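In order of appearance the chains are A, B and C, and numbering begins at 1 in each one.
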Amino acid sequence: MKSFMKTSVAAFALTVGANAAAAEGELVLYHWFEYMPQEVLDKFTEETGIEVTMDTFDSNESMLASLKAGGIGTYDLSVPGDYMVSIMANEGMLDTIEDGELKNKGNIEPEWADPSFDPGRKHSIPYQWGSTSFAVNRDVYSGDIQTTDILFNPPEELQGRINMLDAQGEIMVMASLHLGIPQCSSDREQLKALNALLQDAKQHWTSFNSDTAKEVLVSGDAAVGQIYDGFSAKAREEGANVEYAFPTQGYVAWMDNVVLLKDAPNRENALKFMDFLLEPENIAAVTNFAQYNAGVKGVSDFLDPNLASQPEKNPHDNVGPGVFIEVCSEEVQAVYDQIWTNLKK
Amino acid sequence: MAAGAASGGSATTDTYKEARTWLLLPAWVTLSILVLAPVVMMLIYSFLTKEFRGGVIWEFSLAAYDQFFFDRGLFGDEPPKIEWTYIIIFWRSIWQAGAATLLSLVIGFPTAYFIATRSENMRPIWVFLITIPYWVNLLIRTVSMKFLLRDQGPLNDFLISIGLIDSPLHIVNTNFAVQLGLFYSYLPFMVLPIYAAVERYNFALSEAAADLYASKWTTLRRILLPAVKPGVIAGCILVFVPSMGSFLAPDLLGGAKNFMIGSLIEEQFKGNAGNWPFGAAASMILLTMVLVLLMLFARQQAKAEKAEG
Amino acid sequence: MTNSTFDIKSYRGFKAITLLCLIVLYAPLVVVTIYSFNSSQSLTNWEGLSLRWYADVFTGPESDKFKQAAKNSFIIAIVAATVSTTIATLAATGMVRGGKFKLRTVSFGLISLPLMVPEIVTAVATLIFFNSIGFDRGIMTILLAHIAFCIPFAYLPISARMQGIEDSYEQAAQDLYATKRQAFTKILLPLMMPGIISGFLLAFIVSLDDFIITNFVKGAGVETLPTAIFGSVKQGIKPNIMAISTMLLGVSIIMVTISYFVSKTDNTK
């Protein structure tokens, strides 16, 4: 026993030591699941000798919660969505990228160079942008799907066969679009209507799951799934007969961004990685994998030609507006949290 | 488990009486710092003010408990009524855990009894057969269960192919799936204590009852069951307590549609809500419930021992 | 005589329920084991026998993540089980061989506390604790949390074993002028070995298997096997996860068999 103990203590000391030694060429990335192809990370390591460690999350909110619960100071980079960038900036969780620190900053497409959620791109660079709506299995339902009624007031064939994203933001926006009310409205009647709508719609929903949003459509466990456009395209490629809807009421538009976190332990390496992702060839590899869109000039030469013609990227003429998720005030957010708890009780 | 070891206290001797303090010191220190202090800190946090989007502000507040017990409407300005939301969530957890416990008991008791009445050589083998699946990671077992039960999964395929059903049974994302998952997760905890109790049981008592023309089922109910009751209660607690706090089964098998206590608490720290004091308060309430339950059990156990003499 | 006892003991239907119980316990694992040998990428179609998913575990795109996670898991489990078994052995000696004392019930309550507190509560409390004292989350926080909750699991088999050992051996040794320390290390400890080994194995498995607490206290990029598996299976079970699961099942069977033979050699003594 004694010698065994000695060995194990030695082994532990060795590993901890080894980790410390490796820390010089490290980068710790906090990222969405299934969003970063391994080849891109390998290529970065090959070019720079920096080892990338990646942790994954499944919603903007859980990422924020985890960072607040002690994650700041341990990760270098994260990939929040548009509205989450402004929340994190307000919380003081982001580091500022000084002028000239990113040599490829000029590669950002002009329309994404000065977004409202991060004026002047002080903390972030574009990662991917796309839309969130829902996909319907056409073997199960052949009627009109270009309406949010599919989610909130579904036809009989689809009742009880709907998977929603387990994400408050996406569900609240879709519900607001369905009701035709503004996001983050503080109007009491409108908030009550929002609450009532979700209470009523819940009976038709079989599950809340973001991680398996694609899988449930492929396996046929769900006939409708609230889903991101690229995920829907992948589900289609994996054999599900699904069509991605562009509701006339509107849909969610988003942009995910790579942000530099405050107290990043490997700040220099983080900036190198950001520069790396601003090279058209590299970010195009991400786009080819995730099947969304990049926000960098000159990517088109490297993109899979089939991407542009995907039905998920080509809305019909009567499509409603694509809206970004807004950041609500603390008071409205408290009501939203209450509605969310009511929904899940 | 715990109670059994506690009651074994009569076997103590005082060989190492002088060294006692030093022997126990490491355990005292480790557990006080790593278990007791965190629980105390959690109690303190439950009385602090929440910080928007996670974290706490060091100001005394009863808001977390107020939110738990009182409903002040969607906008928080109506006169307080009793809040049913969290009572419903707690009740659902109790109900789900209770159903899983009952299911474990109905299946576990005959199994434990059957094993305990095998020959002495065979018993350990049966016990291992029951415990081996438990050593496989809980997550994998839960996910495997989901895989098996899916609409297009092997179970439905099998039932359709033998002609028992025409269309797949919808089991996944129902309450029943959650109960099944909990049952499956903790079944060995039911079987083992009952097995231990039945194994110690003196079957001469049953024989005596049989000699007095008691039927077999009467003997089981009137003679055996009272004798093995502590084992049955221990088994029920060992299944019930972890089931109450579980969030894997409701999340993976129940479709995350309905909160159980575990998922409600997790949501406060990892999900949308980000309300730490409320999460701490809900944890304290859960902990209190469980400790009260265990205390009642300990008292019952002590009574039973006294009665035995 | 034997016939009549057997008759009294046996109840109609109990054997059937036991078999049902085993089927329920094993069906998911058997299905997963079978599908881990499926050569198809798809979960639903069977396309013939293959070991490709086992190769994938060691060489596929996720192999580095799983190797690192397995390494972390085993290191944490070995250190946590060793430390907690040592603490539990000392504590058991104090409790079982320490005579009657005032703090005995309190001590026992403290030792079994991690068993009584629901895991999610321990997880939340530990997270809050590390957060409030400003302890950065990482492999160390996981290890400390594991040491604490492994103690009762190591303690129970050890104290049960010690209660079964009469102290006359140690008394005899002391009569022969052995010091207490010698009586402890030369007599009691060897006799205790089966208990200590099962305590260690129990603590080891509990640590290796823990997800809830680890998930709350783990730091950036530090994955253990359960958290890495969770990250993967949340998106639906994949064939490589089934292969890992089958291998874990194998490891478990081996460990359980070892502990079986350890206890068996002990019985024949």
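The working rule: a contact is a pair of C-beta atoms (placed from the backbone, for glycine too) under 8 Å apart; a residue touches a chain by one contact, two chains touch by 3 or more.
The model shown is predicted, which means the values in this text are computed figures rather than measured ones.
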| item | value |
| --- | --- |
| Contact-richer chain pair (by C-beta pairs counted) among B-C and A-B | B-C |
| Label of the chain whose CA centroid is most distant from the centroid of chain C | A |
| Inter-chain centre distance, chain A versus chain B - centres from mean C-alpha coordinates, in Å | 36 |
| Intercentroid distance (Cα basis), chain C paired with chain B, Å | 18 |
| Touching two or more other chains - residue numbers and ranges from chain B | 152, 269 |
| Residues of chain C touching at least two other chains | 43-44, 86, 127 |
| Per-residue overlap in chain A, given as positions that touch at least 2 other chains | 69, 219 |
| Of chain B, residues touching chain C in the complex | 1-2, 5-6, 8-9, 11-24, 26-28, 30-32, 34-39, 41-42, 45, 107-108, 110-111, 113-115, 117, 124, 128-133, 135-141, 143-148, 152, 154-155, 184, 187, 191, 203, 206-207, 210, 216, 219-220, 241-242, 244-248, 261-262, 265-266, 269, 276, 279-280, 283, 286-287, 290-291, 294 |
| Complex interface listing, chain C residues touching chain B | 4-5, 8-11, 13-15, 17-18, 20-22, 24-29, 31-32, 35, 43-44, 86-88, 90-91, 93-101, 104-105, 107-108, 110-122, 124-129, 132, 144-145, 147-149, 151-152, 155-156, 159-160, 163-164, 167, 170-171, 180, 183-184, 205, 209, 211-212, 216, 225-226, 229-230, 233, 237, 241, 244-245, 248-249, 252-253, 255-257, 260, 263-264 |
| Residue ranges of chain A in contact with chain C within the complex | 1, 4-5, 8-9, 11-12, 15-16, 19, 28, 30, 33-34, 38, 53-56, 58, 69-71, 73-75, 211-212, 214-216, 219 |
| In the complex with chain A, residue positions of chain B that touch it | 52-55, 74-76, 85-86, 88-89, 150-152, 172-173, 255-259, 269-275 |
| Complex interface listing, chain C residues touching chain A | 43-44, 61, 71, 75, 78-79, 82, 86, 127, 130-131, 136-139, 196, 219-221, 223, 231, 234-236 |
